[in-house]
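The following pair of complexes shares a single chain, subunit A, combined with subunit B in the former and subunit C in the latter.
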Partner chain A sequence: MKPGTPGGLDAVETGPLPSDAPTRTVAPQSATPSDHPSVAALVARFGDAIRRHRVSAGDQTVVWIDPAKNLEVLRWLKDDPTQLYDMMSDVTGVDYGTGTVDVVYQMFSTMHKRALRVRCELPVSALEIDSVAGLWHSADWLEREVYDLFGVTFRGHPDPRRILMPDDYAEGHPLRKDFPLRGRFSRAEQTRRALAQDVERFYTPTDLQHGGPPQEVLASGHGAPGESGGAA
Partner chain B sequence: MGLGDILPGGGVSKSEGGLFGAGGPTFLTTKLDFVINWGRANSLWPMPFGTACCAIEMMAAAASNFDLARFGMERMSFSPRQADVLICAGRVPYKLAPVLRRIWDQMPQPKWCVSMGACASSGGVFDVYSMVQGIDTIVPVDVYVPGCPPRPEGLIYGLMMIQEKIRQESLGKHFEHRAEDPADVARPEAEELEIVGLTGPFGNSTQQDQLSDGVAVRAGEGRPKTS
Partner chain C sequence: MGQKTLEFAVGRNPEMGVSGRPTASPLAPFDIAEPEFDTQKMLINIGPQHPATHGVLRLVCELDGETVLSVVPHIGFLHSSFEKLGEYRTWNQIVPLTDRMDYLAPLIYNCAYVMSVEKLMGIEVTERCKVVRVICMELDRIFGHLLWLGTTAIDVGAFTPFLYAFQQREKIYTLHEALTGARITTSATRVGGMMADLPTGWIEALVDFLDKFPKTLGEIDHLLTTNQIHIGRTQGIGAISRTDAINYGLTGPNLRATGVDYDVRKDRPYYDYETYDFDVPVGEHGDCYDRYLCRMEEMRQSVRILRQAIARLPGGPINVADPNISLPSKTDCMSDMESMIHHFKLITEGIKAPEGDCYYAVEGSKGELGMYIVAEEGSTKPVRWRVRPPSFVNLSVIAKLAEGHLVSDLIMINASLDIVLGEIDR
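Moving on to the complex of A and B:
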């Protein structure tokens, strides 16, 4: 947060500042990418790590960055006072079937009212990238989803399990282009495996406790029953 | 556990005939059947297993305009142990299959199952890796209600068919009618090639031993992971 700017409940107490226009609108997204303040700043600061950028769908600025530096770049985008992308709206993946899988970060700065999309191209042969779950808690489950459906490994993720498919799912990662629509096993085998699941095996008491505190999961890891599940 | 289990001659001694056995219905058994079936058919408690839009129509069927309570179903039983009819309304993914099966296993006999809508009955449009192709591979189904979703009248008609089925039952044949496992239910009588021809190369709830590329495999022998 900018120094001197009231935030949180203080902002509510203070009310609109004199400098705020009475009818404040969301800042118009620029038509050319270099007009987006974050793009210019990123290029100035990280140079070659910023591979290219363009405006998509009229007003959405997209920046392709070096996957090896994603943590560094995203940490700066979150923490730098001129950027402050404090909301990670979505982490997702795209498989174009051309040998690359994109990891897409969709961010929003609630302070500056700006949106930015950052993409990292990964070759299918080496689907590994640093986790940003330490920066945004919302990235935790979203990265699990990308791992589950695309097979991207997030280095340093606190809880790298599947999230949508069953934990012992053996057919691969369903949203990859090389995945057959109906799965790799026959329906009879899929049914047999589904009925053989032990649903409670894959969840800790903290998981089963609805809305359990995420900090405890991060701190103790899963598989430590009794240590973290006794809040309710 | 049904009444036929406790009363002499029920189920176990079918071959010897007798009061409830295969020796033919007697005055006593038919009257007893009538009274018991009358009671069961008019006090069915549904267990709603609503996973998708079909559940909205199920709720509409229970609400005032259609009023399932007219048929003795005013109490939707959200506990399977106090339920008689499982209404599976909506698509069921494989991850949910053990849950559905456990709910069915928890329901006490006698119990019935309604598969409501296209997805529950056959997978519907969701012929994909994650979706159960018809819940009759998980639990035995008594009545299929077609539609996407069916109107409340459709569900009510299906439940009335269950009532009609109950009225036809007799204590002596109780164990023949009540299946716990879908494998115990008779399959459609057709040649295997005929079923494949009708349902395409990928299999459905009656023909499950097909891979995505049309190769037939036997149940329990899934192709190993290739990538």
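Moving on to the complex of A and C:
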């Protein structure tokens, strides 16, 4: 532990600090280049949009792509007859606490029986990426979860609401490293908010609006404290 | 790769349908002209506190009469922030969190998690450990399917299968308790092995269960498979095509009921599953009835795998010998200085992981259960621990499946997806 790092219960309040590991500005290039057939095809077709690739955990291929071109690259991976990644198994996020959040796609081709992991590195100051829910329906809920827990906005998502946390959750996005384990508000404030909830509000026809306007709390800066009348 | 397709040989009903499955005789003529009424759309709320939602799931339905126009599922009522908690725990401390996600098949979750960590760290577990974990996972596949079977039968009005199924589950609970000391929160695995080896007499008890279980399963089969009410309530309900099922990310029996033979045990084999002789049942119509048939057959196949695993269970240690991974025995700790130091280092610091990320999928009872782990060089805790919950992805299809069906069919569709809210909400 670094000197000056809070320990014990204080650490619970502050959350994990940025790690000692060097900032990943330099690509962690793998010693063994991947021989995954999709990687060579991706590099040949998209060139610079394929930032780097490596083998992880022994035999798993990871490809980092340009976040601006994720829709184009993923659509090609889904539709090209030599690739046919028809199953989007998982979409998730990873926050290293070093200023970037990765969006991770786990794909599988039921035709070729191949798996591929594609990652997009986003700066924490501009967490925005195109939605792939139009390509794979499974990405619909998975991207909602990434938005909910990491605060990544998916452009063009059909239903950009929170999914696990309540719609009016005002403490931010829990899986970010800057989010303390106990939440941003005090226990008293959290209890007060829970008791003040109008349960009838959740039984209205607006619940049925797919992709309707995001709720007021989300509209104003993702509910960070101080904004949206958060901490009262 | 073994033979993959399997025809459903029911063979007890002379009125077989064209596809070889029993069909229901029409209960009433359908050509009655319905009078035109001015209808008004109605909004009803099901759950979160409702037994038919199989957990704290809330469904908001828009109805025209009894017909479902649209469904909006609301989840998150059981959110426990397990993935965030995992970032504050060492590798082995996370194990107890995993069995609280799918408490209907906890051993599969225990195994899947440590298998992913071992994959990331490059740990090769012992042969005995592999077979013991296969036994654990197949036993809990039966365990999970039995709960689904009992509760789903109740949803369509059949009470007896519920009692039969839960009687069998009780026996598996007893096996859990003998193996781990707990009935639900098993926490049976550790990185590099198991919490403990199999207790004396456990395999005999398992064999005894395997001898008696297929008979009960056959009885439930008799009660449901050719039952006219059950067929009428499930055939043609909540059907989905192959391409849609893949596009919606369905896995497990829900996907195989449509005819896609994707099974992680066959397509991305782990723990020598390719050497076990078992079939992957696939359906044809992708409706509730085919999902039912797939799960029934999977339980029989699990019994087959379990028998083979018991036959090949090797001796030898169950934990890897590396002192940086496995705890030394208590006797060594008390008598040997070096073992005590290893014990101290492992407890206070934990196991150190290499830099990298790892996605490891196993075939859970609900579908593809993936564990995605990200670690930094030497980290004793995960940077990110992500669970790819099969039920979460499977449930997202419910709005599509239920459209145009009756409210009572919505209950059946929800039940047939086999969800567990513990892993959906995490």
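Following the convention adopted for this analysis, the second predicted complex is superposed on the first by the 163 of 232 C-alpha atoms of A that agree within 3 Å, B and C clash if a C-alpha of one lies under 4 Å from a C-alpha of the other, contacts with A are read in each partner's own complex, and residues count from 1 in each chain.
Convention: contacts are C-beta pairs under 8 Å (C-beta built on N, C-alpha and C of every residue); 3 or more make two chains touch, one makes a residue touch a chain.
For clarity, every value in this text was computed on a predicted model and none was experimentally measured.
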Which superposed partner A:36 touches (first subunit B, second subunit C, both, neither): neither
Subunit B versus subunit C as contact partner of A:174, first or second or both or neither: both
Touching partner for A:53 - first (subunit B), second (subunit C), both, neither: neither
Partner chain in contact with A:191 - subunit B first, subunit C second, else both or neither: first
Touched partner set for A:182, first subunit B, second subunit C, both or neither: first
Partner chain in contact with A:157 - subunit B first, subunit C second, else both or neither: neither
In the superposition, subunit B vs subunit C on subunit A residues touched: C
First (subunit B), second (subunit C), both or neither touched by A:87: second
First, second, both or neither for A:113, with subunit B first and subunit C second: second
Partner chain(s) touched by A:96 [first = subunit B, second = subunit C, both, neither]: second
On subunit A, the residue positions that both subunit B and subunit C contact, one per complex: 164-166, 174, 179, 181
Of subunit C, residues touching subunit A in the complex: 43, 45, 60, 62, 70, 72, 74-76, 79, 81, 83-85, 87-88, 119-120, 122, 243-244, 246-249, 251, 260, 262, 267-268, 355-361, 368, 370, 372, 374, 376-377, 379, 383-384, 386, 388, 392-393, 395-397, 400, 425-426
Complex contacts: residues of subunit A adjacent to subunit B: 164-166, 170-172, 174, 178-195, 197, 199
Residues of subunit B that touch subunit A when the two form their complex: 94-95, 97-99, 101, 127-130, 132-133, 137-138, 202-204, 208-213, 217, 219-223, 225-227
Subunit C contact footprint on subunit A (complex, rising order): 12, 16, 19, 21, 28, 56-58, 60, 62, 86-90, 92-96, 104, 106, 110, 113, 115, 117, 136-138, 140-142, 145, 149, 162-166, 174-175, 179, 181, 202-203, 205, 207-208, 210
